[in-house]
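Here it is, the structure in full.
Labels A, B and C are assigned to the chains in the order they are written; within every chain, residues are numbered from 1.
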């Protein structure tokens, strides 16, 4: 497997730019981080993997809306479940519990899984979705790279909303970045150079690139006055970008809304609280 | 063991309400999370387990006061020690160290253990006490369920203070919740339905319920203007509730106080700082 | 190995002052926390180990400046790499990533390693440097103690800046603490007794002391109005103290500066952000 050693040595080898970045010691075997489900697709070399990890900047909840939209309107089956129990800091993102009268009635179990979905024409694709890990980003991205190598994923695509000083009355812009420039021809660069806080998603794209694998990230520009709200139009723009680059036939109707207002439901409380957004379509599906 | 698979598979099977919640992948064997001590009691099917995990809402420090009171006035021996070293985020709850003149003199080692105590009549009971884990809530609650199944615990009882718009001049109210309604007959429900941030304690009660095990939680109503203080009267109300449902003979005198003021000692600093409270009785015992 | 049991039992035995502190259950073998590099020095019983863990109080960035200074002006080779991937809470200290036009160009991999350096006269010494772990302080300090026992380290020396109500116009004071009083003769105690939040560095010194090993900590007094800035003069004072007690010939010229201003570069963002400081010397070396 390119750029990866598993098993007894439990080392994560990186195809780094520099000598010093060549190798990182990781105690645990990345393969122990997940358990295979029953839905593994046939590795025909034509699979696309979408991914969204909840916990970093996502203006207008654009990435989360798109993810929830796909996971609720398309049938999905688990390919691999990650051991989020040991990757998560529960006290910084306390899962929501439901109390009814005199007993605990429900617990919103945090999840992080790779699922198999099918688009409108029956074409299979993968979706990695769930909470961004607090720990073991190297082991986690190594595990995802291992899985995507085994499943012969041809392209990985991430997406998010970023806040921008733009109005909502014009078409929303989309910035693209990729491990190979030809993957995103036609997209205009936004900045020359920028140093920003990292995320597990960005690290995944970066490490895939170091291995010579194809990965793309889309960032839709969300008007800053809508950044904290749920903005389905931003999710729709991401869906268009994903559709164009992957060739998948993804249903957009439900995202476009029906004129009914967006209902926001708090999903997680405590420090780091973020809101879960339910569009009419999602609400109908629930 | 009901609802639990350990060993090679290292899966945590949940007796969930829904299909989707049936199984969660957990890398580590829950049995590795603790080490047995020398004080294991005879599993005669009559044991009660009290539990208090420090780190969530506890108005008036009611739960902590009661726990400290029991652990200092009654002899206790360790049944099982948990690997808090890997469950704790040290930097968010830095343990207190004592510096004397020219050297470090003491370190307040964080602890999480299941202990065996005896009440005033010599009846043995268990007490799970320590810091709420930051990580691995599923593995942790599975470990506690495993221990309580092995020790044939007949009833688990948790307790805490919650802030409420009530005066201290009337008797403090107590809300009860349980995995079986008949365990808390006579207690009046406070709300119909509520979504709240979860805690390791609430998850434990919920998971015990999913296995058909008996568990109760008491929440004493603490006047909101006393929520940040140490309020022994609230701990005393919890003690009464615990006593009534368990039949244990728990000493209350020391909690009732002697007219001397309550002294508050900072126990942990940094973000997430909380105060440790020493009642006259505890102070005398130290 | 004194005060340490590794292997199958995976217990960390502490040479504590009290019975109750005699033993702590730790799931993982501390030896698994690190991987040996190629640069292990000959254990001749004369090695000194300096250490600085980034993430706790360090007024004037004095400790970080000194560490960066030594690691950039002296050649260094890795003796042991720690599994920071599982010790770090990435989301509370997101590593910086560099974005260039249309792709992720660099990732600032968090590191924690024990390195071998040589002073101006060729004398070898050890330097433990990197991010303070969020987790497993007991296993981590046990691992460092294990390494320093194997390498027959004769003295461990930590250092930091602490804020103080002093002017910058006088010579900066230095407080010293040690596991053996004769190591720091001549230094005047600052306080009689103090309870403070712990750190991995302080715990290391404390645990070394419990084993009867020699360890010293220096804290330079930084004027409170400079505590948030980078203050090379404070790092220079630490260097003097370290030099005097160890006998090492450490280059100070670069730290003394050349009259050029200090440039501060943000190193890590998000909650817990701290600034990385680049002195003219470091900048030249980069």
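Going forward, contacts are C-beta pairs under 8 Å (C-beta built on N, C-alpha and C of every residue); 3 or more make two chains touch, one makes a residue touch a chain.
Given the structure is predicted, the values throughout are model-derived calculations rather than measurements.
At the interface between chain A and chain C, two copies of one sequence, fewer than half of the residue numbers in use are shared by both copies. With rounding to the nearest 5, the Cα superposition of chain A on chain B corresponds to a rotation angle of 120 degrees. Per-chain Cα centroids separate chain A from chain C by 36 Å.
Taken residue by residue, chain C touches two or more other chains at 28, 89, 92, 135, whereas all remaining positions touch fewer. By the touch rule above, chain B contacts chain A in their complex via residues 11-12, 17, 21, 24-28, 55, 89, 92, 132-139, 176-179, 181, 184, 187, 189, 191-200, 202-203, 205-206, 209. Here chain B touches chain C in the complex through residues 28, 32-35, 81-83, 85-86, 88-92, 94-109, 135, 266, 268-270, going by the rule given at the top.
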